[in-house]
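Below are structures written as structure tokens.
Same chain, two partners: chain A is paired with chain B first, then with chain C.
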Partner chain A sequence: MDILLLLESSLNGALVGLMYSLVAMGIVLIYKSSSVPNLAQGAMVMLAGYVILAFSNQLGLPLWVAIPLGIVTMFIIGVGIERVALRRLAGRPIIMILMMTLGIEIFLRAGSMTIWGGTSRPLPLGISDAPLFLGPLLINRAYAVGAGVAVAMFVLLVLFFRTRIGVVLRAISDDYTAAWSVGISVERGVALSWAISAVVATIAAVLWGSVQGVDQSLALLLLKGVTVAVLGGLDSIGGALLAGILLGIVEGLASIVLDPLLGGASRELVDAAMLILTIMLRPHGLFGRHDIERV
Partner chain B sequence: MTENPIEEVLTLNNVEVVYDYVSLAIKGVSLTVPKGGMVALLGANGAGKSTTLKSISGLLAAERGEVRRGEVKFQNENISGLMPQDRVKLGIAHVLEGRRVFEHLTPDENLIAASAVRSRHDAARNKDRVYSYFPRLFERRSSAAGYLSGGEQQMLAIGRALMTQPKLLMLDEPSLGLAPFLVAEIFQILSRINREEGLSVLLVEQNAIAALEIVSHGYLIESGRIVMHDTAEALKRNPDIQEFYLGGAENKNFRDIKHYRRRKRWLT
Partner chain C sequence: MLFRQAGILHTNYAQDRALFPIPADRWMIGGLLLLAAAAPFYMSTLYLSSYMLPWLVWTAAALGLNLILGWAGQFHLGYAAVMGIGAYAAVHAQRNGVPWEIAIVLAGLTAAVIGSVFAFAALRVKGLYLALSTLALQFVMDWTISHVPAISGGTQATLQAPDIRILGQAVTSDAGLYYVALVWCVLVTTFMLNLRRTALGRALVAVREKDYAAAVIGVNSFYFKLVAFATSSFIAGVGGAILIGTFYHAVTPEQFSVDVSIQALAMVIVGGLGSIIGSYFGAGFILLMPGVMNAFISWLTTQFGFSLGIETLAHLPHALYGALIIGFLLIEPLGLGKIYGNIRDYLLVWPFGYVKK
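Coming up: the complex of A and B.
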């Protein structure tokens, strides 16, 4: 087998993986600040894609205006989701909240299907199709840009969680009641985490939309996002970054090694295997927090 | 309003708390905490001590409880409708039972998180103050709080409450699961804060021996009702208290306990 082909495939895989990380970071962000596993993140990405297209195509705004408008809109939608759907569930069993996020996922998908239909629409960022050359290896330019943005987002989020407000969000995630007892407005904290996560989803939507167009299939990024988030450890942003790279490389290699044997679809199989094995062997992921038990 | 100064920082008048719309947890609790005073609320498991504190700090809502009747007054102001964070802002701090520190945060971050209702400037000053009361926390300020010892976690929980600049500090069983020398140390620090800063303290305890050493007054709560109220000295001498809460009884059996409960029902 061609070693160069393997290298090239794993390199591009790593870049795609970093773009998965971008979706995963939205999930991690909410988990890290309210202990809620958000199953609506994929649909949020899809919705953000449609929102940006609505600003650029239907209102005729240029993309550099439509994207910031999309970010603001999604921020407000994130706050709204907390206010309408989640506030009344604060302090309730996690399974109810989990089901609620699943309900939001289905609602957003069905809603966008009704409003915008099922056809795929392009979201051209103007990134050239011509590959980058790294020695003999060809690299997809769009993936490289996406990976760069993911790394930048990672740095921003890590810095954010060190600020006073970031510390407060982590405190909420640890113990709602204790947070209330010291005067933290848990509701506002959770709303903020959903809003920021919606912004991250918007950025993911821009990049993924430019790669594969905007349609319902963007919501399927949830599966990649969940796999990466779980593999990295649900509350570790750095874990999401590294797990994304790992999953991307494994996917890239699998598509070359396994696809000829299986006749395709090996990427999805590999994803499923990674998710299931993580949960079986290392439930808190590569870098997730253990629940502390003193001995 | 009249001219006389506020004598009580906290007043509960006939407070009744209901969980889930049906189950009555406390049935008409009245108590007062004088300004700058230290008061204990004693009682057995399930008597309604924690519920009483939650009715003051506003944490009932999270457990689907509500104050059905009566009023909770803080500095002569009815606070019944306020959110927990607004009560904290007014100066009510509640140290929860079982310490409940933010385990994955360091002690330093625990303190920062607890200063959400105060300015950044105040937070820095309060943190220095907390570290001066609890030097041990300063030594361990950058390891995860979940790995601190039980005593250190209790100190952190108290320090976290102090970060909110309370006028009234309520503690729910701070002695739970701690070695006696640690209980003594923590209670000494509490009296010191009470003396030096004039902080009012409402101490909920099952450990009546330790609690009655540092408070001036005590209330005894049983099955959701206050059944006794007196000075700490008088409570310590009271034969019933000695028998049931101070471990003074030599040969107690269940018939005596029944007898006691029956008698008490007549009294109240």
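Coming up: the complex of A and C.
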């Protein structure tokens, strides 16, 4: 096996993985604040892509206006989802909450296709197709930009958690009863975390939309996002970043090593296997807190 | 009213623990069974084979999922994959000359063995992590089924299912297939009704409520979780085989994809966790909803003279289906079964509503 090929594919894999971790960060943000595993994150990414396209194509706005508008819209939608659907389920069994996020997933996915149709449409960011050269290695420019944005997002979130509101969110995620008793509005905090995660979903939508177009397949990022989030530890944003890189590299290598053996499409299998292995061997992930309930 | 409880005095435990202690229930069940048995004589073939039959088969499947979800309290996002295992096992067994009666038992056993893999996830983690690992297992099973040519007959392939043969007699008429589904559904329902009254059922409920509390009173939660997964997988496997044999007549991997798992979950949730009659309601609701919605939308469009794009029409029922799941969880989390229970409770003491407070 060519060592350069392996290096190149793992490097590109790591960049793609960083883009997965954008989806995972949204899941982590919500899980941290309210212990709700958001299975609708993929659908939120997809909806965000359609919203941005609606602003840029149907209203004819330039992309640099459409994206901030999309972010604002998704912020409101995020708050709305929490207010309408999730707040009333607080304290219910996890089965109900999971089913609710699945219901939201179906609703958002089918709803956005009802309004805008299911054909794939491009979201051109103006990143050239020409590869970057890093020594002898070819790097996909879109992936490199996406990875850069993911890291920037991570830094922004870390900085955000040092502000006053961020400290409030951290208090809620630590112990929401205690947060409540010192006068923090837990509801508002949780709503805010949904809003932020919807914003992160929007950014993921811009990047993934520019790579593969905006259509239903954006919602399939859910499996990758969940895998990365669990692998990194469901309540660790930094964990999501590193786990994204790890999953990306494993996927990249697997697609070279396993695809010829298994006849293609081994990525999904690798994702599922990573998810199962993580849950079986280390349910709290690489960097998660250890108090996750075992049987 | 129908349900009057007055004057029904049980004088021994056997009466009190009967399946249907109230005569009105017995009469209703008897009447419904008669109606169901006579359905081929008064129903058109269209209704019989495209509404009644899938409804019964899916009800049986939903009951199997309810065993895991409602009784044992374990999340299962890979139910369709288990059904698929049963379906493929039965089709392959039949194609190799195994009689149908043995083939469906084989299907159930294969599904039970492989489905117990899900149980090993349940023995290790619970709640959210169990849900995610069963979801991942669904993807693994999907992938295995579609990528191993020995199972699926190659990617994108459709395997023709041989005719159902009972005691060497081929069952091909619509009425015959309907009776196969009916008998299966009645069997599963009887099993589930009786589960409530057995040690197994009570142990499962104990495990659901709090597994270490169950352990304290001497219920081995490991063992009962395993039993629950194996039993429900058996029902799923036979159900999948019967679904293929009576309804689809051919098997492809897409019939048992993750969306189907979610659909089965929706049946249980909409019907009501742990409710048997709810599973009937839930399966009927989820199966009929798209058709009814389509009819309703086309009625609306002709009524108000607007037209919708093809894509809109294709996706709107799906969006409403999502909205329905959300609505049920918000308004009546225990589903249609609970609504039925409320009506029944009201009628039991009607017109003396103040008796129950």
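In the analysis below, the second predicted complex is superposed on the first by the 287 of 295 C-alpha atoms of A that agree within 3 Å, B and C clash if a C-alpha of one lies under 4 Å from a C-alpha of the other, contacts with A are read in each partner's own complex, and residues count from 1 in each chain.
FYI, contacts are C-beta pairs under 8 Å (C-beta built on N, C-alpha and C of every residue); 3 or more make two chains touch, one makes a residue touch a chain.
Remember, predicted model here, so these are calculated numbers, not experimental data.
Engineer: More chain A residues touched by chain B or by chain C?
Structural biologist: Residues of chain A touched, chain B against chain C: more for C.
Engineer: Now for A:M96: first (chain B), second (chain C), both, or neither, which partner does it touch?
Structural biologist: second
Engineer: So, A:G135: does it touch chain B (first), chain C (second), both, or neither?
Structural biologist: neither
Engineer: With the two complexes superposed on chain A, say which partner A:M113 touches: chain B (first), chain C (second), both, or neither.
Structural biologist: Only chain C; A:M113 stays clear of chain B.
Engineer: Output check: A:P62 vs chain B and chain C. Expected answer is one of first, second, both, neither. What do you get?
Structural biologist: Neither: A:P62 stays clear of chain B and chain C.
Engineer: Shared contact residues on chain A for chain B and chain C?
Structural biologist: Of chain A, residues 292, 294 contact chain B in one complex and chain C in the other.
Engineer: What residues on chain B touch chain A, complex-wise?
Structural biologist: Going by the criterion above, the answer is residues 57-59, 62-63, 83-85, 88-89, 93-96, 100-105, 109-110, 112-117, 120, 144, 146-147, 149, 160-161, 163-164.
Engineer: Can you check the complex and tell me which residues of chain C touch chain A?
Structural biologist: Interface residues on chain C, with respect to chain A: 69, 73, 75, 121-129, 131-133, 135-137, 139-140, 143, 147, 155, 211, 221, 262, 265-266, 269, 273, 309, 311-312, 314-316, 318-319, 321-326, 329-330, 333.
Engineer: Note which residues of chain A are touching chain B in the complex, please.
Structural biologist: Listed in rising order, the residues of chain A that touch chain B are 90-91, 164, 167-168, 170-171, 173-185, 235, 289, 291-292, 294.
Engineer: Can you check the complex and tell me which residues of chain A touch chain C?
Structural biologist: 37, 85, 88-89, 92, 94-96, 98-100, 102-111, 113-115, 117-119, 223, 226-227, 230, 262-263, 265, 268-269, 271-273, 275-276, 279-280, 283, 292-295
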